[in-house]
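Comments concern the structure below.
Order as written gives the chain letters A, B and C; numbering starts at 1 within each chain.
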Amino acid sequence: MIDYKGRSEHIKKLYERQNTLDESIAHQMMSSEKIAFATSQWRMMWRKFIRNRIAVIGGIVILLFYLTALLANFVAPYTLQQRMTAYSFLSPQRVHFFTEGRFQPFVYGLKGSRDPKTLMRVYVPDPEKKIPIRFFLQGEPYKLMGLFPASIHLFGVEEGIVSLLGTDAQGRDMFSRIIIGSQISLTIGLVGVALSLIIGAFLGVASGYFGGWVDNLIQRVIEIIRSFPPIPLWMALTAALPPHWPPLRVYFAITIILSLIGWTWLARQLRGKVLALREEDFVMAARLAGASDGWIIFRHLIPATFSHIIVISTLAMPAMILAESALSFLGLGLRPPLTSWGVLLKEAQNIQVLLLYPWLMIPGSFVAISILAFNFLGDGLRDAADPYTV
Amino acid sequence: MPGAGCEKPAPGEHKKRYDMIAYIVKRILGLIPTLIIISMITFIIIQLPPGDFVTTAQAEIAASGGGMDASAVEAMRIRYGLDRPMPVQYWRWVSGFPRGDFGYSLEWSAPVWDIIAGRLSWTLLLSGLALVFMWLVSIPIGIYSARHKYSLGDNVFSFLGFLGLSVPDFMLSLMWLVFATMMLGISASGLYSPRMVDAPWSLAKFLDLLNHLWPPIVIMGVVGTAELIRIMRGNLLDILNQQYVTTARSKGLLEKVVVQKYAVRMAINPLISVLGMQIPKMISSSIIVGYVLSIPTVGPIFLRALITQDMYLAGAILLLMTVMLLIGNLLADIALAWVDPRIRY
Amino acid sequence: MNENKKYLLKINNLKTYFHTLDGIVRAVDGVSLTLKPGKTMGLVGESGCGKSVTAYSILRLLPLKTCQIKEGEILFHRRNGKEVIDLVKINPQGKLIRSIRGKEIAMIFQEPMTSLSPVYTVGNQIIEAILLHRQIDPQEAREHAVQMLKSVGLGMAESMIDEYPHRLSGGQRQRVMIAMALSCNPSLLIADEPTTALDVTIQAQIIELLKSLQKQFHMAVLLITHNLGVIAEIADEIAVMYLGRIVESGSLKQVFENPLHPYTIGLLKSVPIIGNQTKKRLAPIPGSVPDPLSVIEGCAFRLRCPAYKQKECAGQEDAAIVEVEPGHYVCCLLYNRDEGVRGNEN
């Protein structure tokens, strides 16, 4: 028979003797067990992001696109305006990768003729003529990133033509035009989102933090702007651009116009986040410690919303790219010589032309791919930004 | 549904109905200042391009080899009232609204309303049907995706959804045009096939019309559908973790009933708001899709009016599209208040 | 109710594990409990010790994809007197469990604010439960619902029945929950922290309500809480849980007068006693519940146990359950030895 009453009393005395837990003992004891590490918030987010393979793929695609856009003139075998009228309306060429067993890509030379019935240009590959594709070839000169003169291209051919995505009515290589056009399409998005963010972050945070009449005023302004359907509004605004303006000015005007509606979404998002954060205890604590409003906003609230800002910026990009493409497609927005994917698609609007030469629609798939990639990336970032839910 | 048949109207039910009407009236009245501001902004925007209608007309005449001397230009200006100061021009325009007079189109020489009424109704029709399409398609798919999370079906729908989100509507329209004409050999543009255009009204013609209407509706709806599916799925997943769902299950209800009656019913509320947010996109999209597929929406006329500075026409189109949007939002808000007993007004 | 049954619900060595991305969480790791008809069992422990999971396991309410009852049985005596079924073995989405839920075993939850759907009236939700398990017509069901609302102390039941939940206070909602749970006269009511989210005065009212309803409806109650005061008010028996296991169980008197397990002793000591505070220091149990993903060999409590820290117990082995006096069980190495407590002989 156990003297349980005695042991019970004894344990009570043990407690009375006990001081608070000696941390080193606890750590020694835990060493033989599995422990989940306390990780920093950023590391947790990264871990969660990496697990999402689709988001990672999206991120890689975006990175690739932007890298290519940066070095566009180098990657493209031809320049924007290079016309090879002998090869107009050429369909995408097939690249063969092996010559007699070795890795040496080449294309067949082409014999062009006109189909007597449809009057369509027809090209027949000449199996006798194998034109090798050379890398790091000297070609038409250009300015890399608009600054450094150079003339080496990533790949090209010494005679004939290598047109991976076909040519247009004037014999301009679509692949080159798409790559160089990506510079505008992708950067308008960046600049537009950056502008929207500056305005939207400022007004959204102010609106959420100060409340009262500031909030009311800003919200009314946002409401009024959002009452207009976006495309008609942009149409009206871009129609106001004088036609004689230089391309660069047009570019910036377009980004400003796009940002004029874009900031409202960002402002709303941030306002919501700030409203929630404002009630948190750490804000109260900072106020009690004597922090000024500015301090609280810049040192506490903005860092807390940082991950959210990254997410909504990423998610705002597709809308910008889409808007620019749509406007250029309609003929407002950018005009030649400025080239973007939207402008390229405008040239493909003629249905008769499209039926005969459908590869002219390919710029549209680039728009779709970049939007897809941004959405995957943005989604993955959004999931990762909340690493505490599964 | 157990329990539904034995409710008397709640003690506040009658009061609630009066409250609802008061709410609607209050909202409509609140729209008026907004509309006034919007009409002013619209007018300013339309006036932004340098010059005016007369300048454009002058340019066009010059382009075709003619010319106008200064006095003729002046006379034209006075005739169109373009010599008056801005606020006066604005007032002349706005004062006609209550009468249904939206001004006079300088290019078409006809009252604005006559020109756009028919086209606006096509815009309205297409946008409205696209919204209905979105609603009908996205809810079942969203429910399925949430309940069979990570299954093959869920992944397929997710992927299709992403595709739908990413391919721009003008691209889809082009692709459809090419596909339909090349592969299917059918007429894809306009409202009717060429042989039916002048034919008298009949069942065949009606079917032909439907055949031409469903592609633009689907194309317009695809983007919104993708978004709605994702939101429905996300909401439902959240709600399925809520306490009241567990409570319902603990009472012994069939899983199907738990999902339908408790989860889906709650998930639908935010969806009404999201649907409301699709309205501006639908209006925008109808312009682009209508443009590519030659459906007579206001797009091409709007474009032309902007370029020629046919200001009353352009202004009225922009204004009326905005009004459509505002009314759409109001309807969505009313629907939400009706459906969610927690909203007080 | 049939008093001849020795038990109403018997849990034998239940193990419920969660499969998470970071590993397996052994939420319930060998729990055995006996619930007697008409009696109240209090299940006590800190947050995260597995009490709620135990309760959810009984009614098979756990998510199927991540959760698995790995071992054990839950034997339930059905109302018809003859049947004893093992709730672990039946289909969690099948007809059998649904006929037991709400009708023979009912549950109320911790958060009254979110336990009722906001888009249906209170009456709708109660009557739904009634019509589900009884063959009566809607009008009768409605009257019965009004009756239930009255019996949980809600005045103006006829008008309240058509109200929406968001118009009621927390205490009122909890009463509605209780009314709903009791509407089909279950033989067991599981109450998962029913008072934790309520104000203290409302807490007292709800506890009184539960006590009187238990007598009136003659049902067993499994009360899950971390609040020892509530247990003291209402429980007949008590079981103390730590990290997925029962460390001590017995009648209320036995455990309160003679707590055996160091954890129980620590819990009771950490309750402040009115009048005593000026002289004695409050003695909390140092440390906190370890990470649920960690797998601890031997005694899980040793890191916080004074006997371990003062080197009176090595804590490396699993303890066996010992019945120290009739009905009073403890699972602790200190009670596995026959000699005196001092010394490290083992």
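By definition in this document, contacts are C-beta pairs under 8 Å (C-beta built on N, C-alpha and C of every residue); 3 or more make two chains touch, one makes a residue touch a chain.
Not measured: the values here are computed from a predicted model.
Participant: In the chain contact graph, what is the shortest path length, in steps, from chain A to chain C?
Facilitator: Minimum step count, chain A to chain C: 1.
Participant: Most remote chain relative to chain B, going by C-alpha centroids?
Facilitator: Following the centroid criterion, the farthest chain would be C.
Participant: Averaged over CA atoms, how far is the centre of chain A from the centre of chain C? Could you give it in whole Å?
Facilitator: That pair's centroid distance is 52 Å.
Participant: Go ahead and note the Å separation of the Cα centroids belonging to chain A and chain B.
Facilitator: 27
Participant: Go ahead and note the Å separation of the Cα centroids belonging to chain B and chain C.
Facilitator: 54
Participant: Which chain A residues qualify as touching chain C in the complex?
Facilitator: 2-8, 10-12, 14-22, 25-26, 29-30, 32-36, 390
Participant: Under the stated contact criterion, what part of chain C meets chain B in this complex?
Facilitator: 59, 61, 93, 97-103, 106-107, 109, 111, 114-121, 123-129, 131-133, 138-139, 141-142, 159, 162-164, 166, 177, 180
Participant: Note which residues of chain A are touching chain B in the complex, please.
Facilitator: The contact residues of chain A facing chain B are 223-224, 226-233, 235-237, 239-240, 242, 318, 322, 325-326, 329-332, 345, 348-349, 351, 354-355, 358, 361, 364-365, 367-369, 371-372, 375-376.
Participant: Report the residues of chain B in contact with chain A in the complex, numbered from low to high.
Facilitator: So the residues of chain B in touch with chain A come to 34, 37-38, 41, 45-46, 48-50, 162-163, 165-171, 174-175, 177-178, 181-182, 189, 280-281, 283-285, 287-288, 291-292, 302-303, 306-307, 314, 317-318, 321-322, 324-326.
Participant: In their shared complex, at which residues does chain C touch chain A?
Facilitator: Where chain C meets chain A, its residues are 20-23, 258-260, 262, 265-266, 269, 283, 286-287, 290-291, 293-297, 302-304, 306-307, 309-310, 312, 322, 324-325, 330, 334-335, 338, 340-341.
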